[in-house]
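Note that chain A is present in both complexes that follow, paired respectively with chain B and with chain C.
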Partner chain A sequence: MSTRYQQALDSVTRVRGVRGAMLVAGEDGLIVAEALMEGVRGKAVAALAASLQKRFRQAMEAAAAGNPHFLHLQGDGGTLIVVPAPDGILVVAVGAPDMNVGLVRLEMLRAAEAIA
Partner chain B sequence: MASDIKTMSAELARDPASLVFVELAEALRQRGQLEHAERVVLGGLEHHPDLLEAHDLYARVLVDAGTYERAVQVWTRVLDSDPRHLGAHKGLGFLNFRTGDLDGALEHLELALAANPSDQSVIRALHTVRGAAAEAAAEAEAAQEDAAAEGEDAVFAGLEGAGNGLLLVDDRGRVLGGRIEGEKGVDVSEAVAAFLAGAAQEAERTARMLGLGDWQWLVTEGPDGNVYVTPPTADTLLLIQRDRSVPSGRLAMLAERAGAVARQWLEGQAL
Partner chain C sequence: MRQTKAVEAWTLEPLEQFVAESGAQLTLLMTPAGQVLAQHGFTRAVDVMSAAALGAAIVASSTEIARLLDEPGFATLNHQGVKHGIFLGDFESPRGRLLVLVVYGPDSSVGLVQLFFEELVEGLVAAAPAEERPQAVLAANFEDELNQSLASLFGR
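Here is the complex of A and B:
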């Protein structure tokens, strides 16, 4: 994994509560780069995040809200955040339900810019 | 007619048991001398208590006098004795029509027609009542459609964005209420609902498979608006759309209120 990608993911995983961050190919849901804590199922996260992003992009476009640049799924036991980066790459983070979403969002947007 | 009445009155005076009382009472009724008609018919019924035509006439006198409840009782008793009595069915048909009971009116008039298929007054009355019934049915249908349309808007009535930006759909992608407008104000609710159902299933699957627990809500931010999606009940989805100036935290607050309103509305629909 390139240092650029690694640095981008590290800045995300440094936020408290984040259990893993990944770069995922948006089209096919394959992992491009990852920084995951033990126990996080990288392949599943990548595939599901890409699929979720695709589905909600359709709903957003139908609602004339445009292509989403931030997606946040909140479960009662955890959080998934997806930020599309240029070239069809998705920055994905999973974490605790009470993680600081504002900070994670900021770092993910920076990561998306950094890998462009 | 006055001389007839005088003649019949004289005959009845001579013979109080004479059946002429029926004709006399009818003549008096037609002249609007209702109290006199009532006295005559009740006097005659003392001698002929089983004469159904006299009871029928008495009921018509009562109707002319505005004593409808008593008339219904009299005609009902007539029908107890003769279920096919033409006059009683006609009378009850008229009274039911008068009180707005169109089904009851139709029932009695149809029985009257069965008793005498050539009775032109019954045919005319049936025509009138059937027309009124058809009109009432059309009005009821229109009222139902209006209520349904109002119901859709009423889901979020009073909430910010009730006319555009709130959408309640079922888990099969059907709109239950609310409205989302696309470009140029075009209603895109159906399309959004269709995509939303699939997207929500994906959210549920993702949360389950990644161990995130039950999904509570999902927010997406786009260049032209932010969207918040949450399941207010197990089989419905609520979508809130606002422009980018509304932050996701505010969307969450709106969603909480709209979700409570939607749940209340859904409970009301289930009753």
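Here is the complex of A and C:
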């Protein structure tokens, strides 16, 4: 994996409560780079998160609300966050339900800028 | 109207689940010889025959390339187009080696198809009856078998 991608992911996974971060090809739903804890189903998360982001983008376009900048799903057992980066790449993070979403979001936006 | 049809009933449930989850537009389950066991989305028999023959030929070609490269084989192949993608995967089952040809559009992705292909394989392997392996295709009975298969798939 390229150092630039690794550094981008490391800054996200350093946040307490984050179980993993990935760069995902948005159109394909395939993993470009990953830093995941054991037990996180990376391929499944990547494919489904990319599909979700595509649907939400279509919904936002239909609502004339532009492109989504941030997707946050909160579940009983965890959190999924998706931030679109340039060139169709998605920064995806999964973590504990009580992780600091604000800080994770900030690091993901920085990661998205860093890989541009 | 049900769009998924099967020559062998045990293939139906895993295939319907795969289609629903992956968003595949067209799917064929077949043997390496091109004999179709089930299909989703095709409306004309001639399209099924063409797709099965071409899919089987692609897998045969790539298997031969793998052999030349001393590779054990290519598990899956993906051809990405502008509007559609073609995914080909093969796997071993109690009924012998089987192939799956999937055509997906912009509502799906290769990641989704790959993900649910793994579940399809698990479902088919679990559902396959072990007692009968597909027979080699003989020229003498090929036409009869083909016509029977097409009648099952298209209700004619």
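Just so we're on the same page, the second predicted complex is superposed on the first by the 116 of 116 C-alpha atoms of A that agree within 3 Å, B and C clash if a C-alpha of one lies under 4 Å from a C-alpha of the other, contacts with A are read in each partner's own complex, and residues count from 1 in each chain.
Methods note: contacts are C-beta pairs under 8 Å (C-beta built on N, C-alpha and C of every residue); 3 or more make two chains touch, one makes a residue touch a chain.
This one's a predicted model, so the numbers in the text were calculated from it and none came from an experiment.
Superimposing the complexes on chain A yields a three-chain arrangement in which chain B and chain C fit side by side. Of the two partners, chain B and chain C, it is B that touches more residues of chain A.
Angle at the C-alpha centre of chain A formed with the centres of chain B and chain C, after superposition on chain A: 80°, rounded to the nearest 10. In the superposition on chain A, contact of A:Val94 is made with chain B only, not with chain C.
By the touch criterion defined above, A:Gly29 reaches chain C but does not reach chain B.
Judged by the touch definition given at the top, the superposed model places A:Ala46 against chain C, while chain B stays out of reach.
In the superposed pair of complexes, A:Thr3 makes contact with neither chain B nor chain C.
Once both structures are fitted on chain A, no C-alpha atom of chain B lies closer than 9 Å to one of chain C. Shared interface residues of chain A (contacting chain B in one complex, chain C in the other): 44, 48, 51. Of all the residues in chain A, the ones that touch chain C in their complex are 24-25, 27-30, 43-44, 46-48, 50-51, 54. Those residues of chain B that touch chain A in the complex are listed here as 180-183, 188, 191-192, 194-196, 198-199, 202-203, 205-207, 209-227, 229, 239, 241, 248. Against chain A, in their complex, chain C makes its touches with residues 80, 108-112, 114-115. Put simply, chain A touches chain B in their complex at residues 41, 44-45, 48-49, 51-52, 55-56, 58-60, 62-80, 94, 97.
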